[in-house]
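In the two complexes below, subunit A is the common chain; its partner is subunit B in one and subunit C in the other.
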Partner chain A sequence: MNWKRAGIAALCVVPLIILFGYGLTRDPKEIPSPLPGHDASPFALTVFAPGQAPLARAPGDTVKLADLKGQVVVLNFWASWCLSCRDEHQILSQTALDYVGKPVHFVGVLYNDEPANGTKWIEQMGGQSYPSVTDPGARTAIDYGLYGVPETYFLDANGRIAYKATGPVNERIIRYLVDSLMAVAAK
Partner chain B sequence: MTGLLAHDSILVSMAVVLFGMIAVPVAVRRGRRDLIPYAFAAVYTNFLLITVAALSMVYALVTHDFSVSYVAQVGSRETPLFYTVISLWGALEGSILFWAWVLSMYAAVVVWVNSRRPGNLVPYAAATLLFVSFFFAILLIGPADPFGVVKNVQPDGPGPNPLLQNHILMAIHPPLLYLGYVGMSVPFSFAVGAMLSGEVENDDWMRITRRWTLSAWALLSAAIIAGMWWSYEVLGWGGYWAWDPVENASFIPWLTATAFLHSAMVQERRGMLRLWNLNLVVGTFLLTILGTFLTRSGIVSSVHAFTTGTIGYYFLAFIAVVMLASLALVAGNSERLRSVGRFDSPMSRETVFLLNNLFLTAFMFTVLTGTLFPLAAEAIKGVKVSVGEPFFNRMSLPIIVTLLFLMGVGPALPWKAASKEEVKAKLLPPGIGASLFLVGGLLAGARNVYALLAFTFAGYAAFANLREYWIGMRARHTAHGEGWGTALFRLIGGNRHRYGGYTAHLGIILVALGIAASSTFRTEHEATIKPGETISLAGHTLRLKSMWGREEPQRSVVGATLEVMNGAAVNGTMEPRMNFYPMSQSPVPTPAVRSGFLGDLYVNLQAFRPDGSNATIRIIYEPLVPWIWFGGGVVVFGALIAIFPAGVLTGRRSEA
Partner chain C sequence: MIRVLVALLFAGVASAQQMMPADSILEARTAEVASQLRCPVCQGLSIQDSPSELSQQMRAVVKDQLRAGKTPEEVKAYFISKYGEWILLEPKAHGFNLLVYALPVILIAAGLGVIVLAVRKWTQTPTST
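Our next item is the complex of A and B:
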C-alpha cells in the first residue's frame, strides 16, 4: 500500500463531496425571477368575487393597475384546484383587513380556472376580504412570468415589481414587504 | 405487529452484519481462519432477516395494514392487488427496503457459490458487501424507515403515485434497474476484496465476477430500455428519452460498465489495462450510488419528483466514505497493477477496445458534467442554469457515431497486430453495408449530418458483425460439412463470449437505428375533431367514432374510440385515454400505440369537451421505434448467450 498516492487520490474527491454537501442546502426548484426591479406590466381585469366591506368591489368592475398608482399592490395568483393556495388563503385575507385605510391594495387573480369554481372555493374557505379578478387566457399570468400557483407579487407605489414570492406566503413576509414598501413611498 | 417484527429483524440484521464485517479482518490478521465460516453465516442470516422484513412489507401492503407508515403512504383499498404488491418499490422507503433485500440476496448467492475458494478474497468481498448492507440497514431504521407506526390509523390510504399504477412496465422497470444497479456491487466488492487481501495481482476477482458483471449489465440495459418504453407508453409525449437527471443516473454507470466489459477482455487476453479495469469497476459502483444520491436527495432538479428528507445527508456520508476509501485503495495498490503485456500495433483489436473505452468514458463524463453542471454553476457563480437536450445531443452525437463505427472495426480486427492485407480484407467489405444504409437514409429524406453518419456507421457495424458470423459459419460448413443451422449453433456454442458480444452489438445497432430514424423522421399533427370527423397523418387516417367515460374503483377514465381507416373500410380501432386519479391534479394519459414493422402510430387524447362533442387528438408517426424495444431484447439475448454455462448452447444434445 502506497499511502502517499492513496492520500492524493483521496484528496481529489474532496471538492466533489463539498459540492454535494453544498447542493443539499439548496432547492433546485427555486428559480429567481428577473422581474423584481422592473416596471409591472399593466393590466385591466374584471372583478368576479366582490370581497367583503370595506374592501369590496362590485362584480363586473375593472381593476386597473394604472388606477392604483401611489399605492402598494399585493397581487396574488391563485386557483381553486391549487392545494397550497388553501394554506395561505386565511393569512392573506386577514392581513388585508389589517391594512384597511392604508395605501395598500390586495388583488386576487384567478389563474386557469372557472369563476364559478373560484366563487364556490371562496365560499368554502369562509370568504375572502379583498376582491378577486378573472384573467381570461391567462394573459396577465404570462406577462408576470408565472411558474405556478400560488405566487404573490409585491408592487411598489411607482408600479415596479419589488418582490415575487413563489409558493404560499406567510404573514411575516407580507407585513415586512408591505410595511417597507409603504415606508419608502412615504419618503 | 407486522411492522414490529420487520423492524426488529432489521435491527438484528445490523448486529449480525456488524459482527460479520469485523470477523473477516480479525480472522485474517490474527490467523483465526475458523472465524470465516461465521462471517459467511452472517451473510446468510442477513439475507434471511431482510427477507422477513421485505415479506412483512408485502404482507402489510396486501392486508392493507394502515398502521404501517409506508402502507399509509402508498396503499389504498381500491388499488388492484397487482399494483399493491409492486408498490413495494413505488416510493422511497420501499425502494430502499427492496434494494437492501436484493443486495442481501446477491451477497448470499455469491458467498454460497464461492465459499470453498481458499484465500482471503471471498471473505473480504463478503465483508465489503456486508458494509454496503449495513449502510442500507441504517437507512431503513433512520431516514427511510418504512415500518413507522401510524398513531392515527386511517381506514384507507391515497394509493400509489398514479403514474406508477398506470402501466404494467412499472412492474418491470424498477426491479430490473435495482437488480442491475445492485448487481454492480458484486464486482466492486470483489475488486475491493482483491485489494484488501493482496490478491490483486492475480486476476481471479475478475474471473469470478465476470458472469455477475455481465448479468448486472444485461439487467441494467433491460431496465434502461424498459424505462424508455414506459415513458413512451405512459407519458403521452411520444418520446422516450429526455436527458433528465434520473435517466442520466441510470445511463452513466451503464457506460462505464460497458467500457469494463470490453477492457476486461484486454486484461484476460493480454494482461493489460489492469489498473484501468479496477478503476472502471470501482467507478461503476460509485456511479450507481451517486445516481441514487442524485435522484433521492433532490439535489438536482428533475421531472421525477421524489420526496426529500434527511436521506441526502446519509447518502452523502456514505458516498464520501466509499469514494475516499476505494480511491485511496486503488491508488495505494496502483504500483502492483503494472501491465504484463503491451500494445503491439495500432491495428489490433485491443487498440480498438482502448478507443472504445476512451469514448465511453468521455461519454460518461459528458453526461455526468451536464447533470452536475447546474449544481456547480450555482455553487461557484451563484447562477441558476438548466442543462437540457441541446447540450446533451450536441455533445453526445459525435461520440455515439464514433462508437457505432468502432463497433464495426473492433470485431473485424485480430488481437495483437493485423497485417495490411488483413486490414484491407476485413475493413473494406463492411463499406457495402455503410453505403447501402447511407443511400437508404438519403432516400428516406435525412439531411442532418449526424443522422446520416449514424445510418452509415450502423450499416458498417451491422455488416461487419454479421460478416463475422458468416465467416465462422462458412468455415464450419466447408470444414465439417455441417448444415448452416448447425454451423451457426456450434459456432456460437464454441465461443459464447465472442458471439454473445456480436449479438449484443446487433441489438445496439437496432436501438441506434430506431433512435436515429425516430428523431429524424418523426411527424405529428394535432386537431380538434367532432365524432364522425377524421384526422390524417403520413397516409394514416383515423375517424373519431365516439367519446366515452367509465368509472373504475381507483380512477375514472375518459377515452376516445378512433377507427383506423383503410379507404372506406374500418381496419381496427385505437382508444387513447385519460385517467383521473383522485389524488392527482392532472390526468394521467394512456396513449394508444399501433405498432408496425416500420414504425408506430401514436395517438394521444389531449383534451375533450365534457359533453363528448369534440376531442383534441394528437397523432404522431414514429418511424422504427419498435426497433428500439426489439433491439433492447437482442442486447439482453446477446448477454444471455455469453452468461450461460457451457454446454447449454453447444448443440450437442440435438445431436444425440
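Our next item is the complex of A and C:
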C-alpha cells in the first residue's frame, strides 16, 4: 500500500466528509435568532381586534410593552393570508383563557395585513380571546427580527426575549415556556 | 496643463455633489446600505433588489435611520442585532467565515502546486534506461 497517496487522498476527502456532515445535519430553514436573552424592543401598538372578556381591550387602545413589565408576554405575529396561522389560532386563544388571572399577557400582532381582513378572519375562526394590534410599516416585526408568520415570542417578566418560536406553536410548548417563565418570575 | 484639467475635473465632481438634492443623496446612501442586506423572505436577494413587502419596509427603516443621522455601519449593526450576521449578504471576514475567503485561495494554491509537480514529473529526463 502506498501510504503517501492514501494520506493525500484522506487529506482531500476527510474535510469534505466533515463539511457535508455538518451541512446535511442542519436544518437549512432554521436561522438562529440573536434575540433570545436580550431586552425586547419596546412597542406601543393600537388594538384593532378587542378580544373577548375578560381579556378584552377596546379598539383604539394602545398596548405598550412598558405597561406589561412583571408579566410574561406571549407576542404572536399573524396574518389573515397565513395558512399556518390557522393551525395555532385555536390553541393560542384557548391557552390564553386558561391563564386568566395569572401574570401572563397574550398579544396578537397583525403582520402586513389590513385590520379589516384580520377582523374578518378572527370571526371566521370563531373569535380570539386576547386582543390583536396593528403594526404599521412592520416596524415592530423588524424590531423583533421577523422572517415570516406565524412567529411567537415569549418574553419574561423582566422584558427580555426568552424564546422565539418559528412556525405554528402547540399547546405543549406554550404551556412549558409560560409555566417556566412564571416560575422564574415567582422566585 | 494636466494639473489644470485634473483640478477642473475635481471641481466639477465636487460641485455636482453639492448640487445633488439632499433626497437624492439619501436615496443613494439607502440603496448602498440596502444592497448589502439580505432579504429575509427571498433566495439570495438584497432588500434593495427584492420587491417583497418586508424588503420595502426594511428599506424604509434603513432610510429613516440614515436620515436620523446614523452611519451605514450603525444601520447594519441594527439589522445584525435583530437578524444575526445572516442578514449581511457578504459575511464578515472573521471566525468560521474566514473559510469562505480563505478556501478559494487555498484551493487555487493547491491546484497550482499539483500542476507544477505534474509538469515537473512529465518533463523530467529519465536518469537511466
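Just so we're on the same page, the second predicted complex is superposed on the first by the 161 of 187 C-alpha atoms of A that agree within 3 Å, B and C clash if a C-alpha of one lies under 4 Å from a C-alpha of the other, contacts with A are read in each partner's own complex, and residues count from 1 in each chain.
Here, a contact is a pair of C-beta atoms (placed from the backbone, for glycine too) under 8 Å apart; a residue touches a chain by one contact, two chains touch by 3 or more.
Note that this is a predicted model, so its numbers are computed, not measured.
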item: Partner with the higher number of touched subunit A residues, subunit C or subunit B; value: B
item: First, second, both or neither for A:G21, with subunit B first and subunit C second; value: first
item: Partner chain in contact with A:I142 - subunit B first, subunit C second, else both or neither; value: second
item: Contacts of A:K102 with subunit B and subunit C, given as first, second, both or neither; value: neither
item: Partner chain in contact with A:A6 - subunit B first, subunit C second, else both or neither; value: first
item: Contacts of A:P32 with subunit B and subunit C, given as first, second, both or neither; value: both
item: Partner chain in contact with A:W81 - subunit B first, subunit C second, else both or neither; value: first
item: Partner chain(s) touched by A:N112 [first = subunit B, second = subunit C, both, neither]; value: second
item: Touching both subunit B and subunit C, residues of subunit A; value: 31-32
item: Complex interface listing, subunit C residues touching subunit A; value: 40-41, 53-54, 57-58, 60-61, 80-84, 86
item: Partner subunit A, residues of subunit B touching it in the complex; value: 293, 297-301, 312-313, 316, 319-320, 323-324, 327-335, 372, 374-376, 378-379, 384, 585
item: Sites on subunit A touched by subunit B in the complex; value: 1-3, 5-10, 12-13, 16-17, 19-24, 26-29, 31-32, 81, 83
item: Subunit C-touching residues of subunit A, taken from the complex the two chains share; value: 31-35, 38, 112, 137-139, 141-148
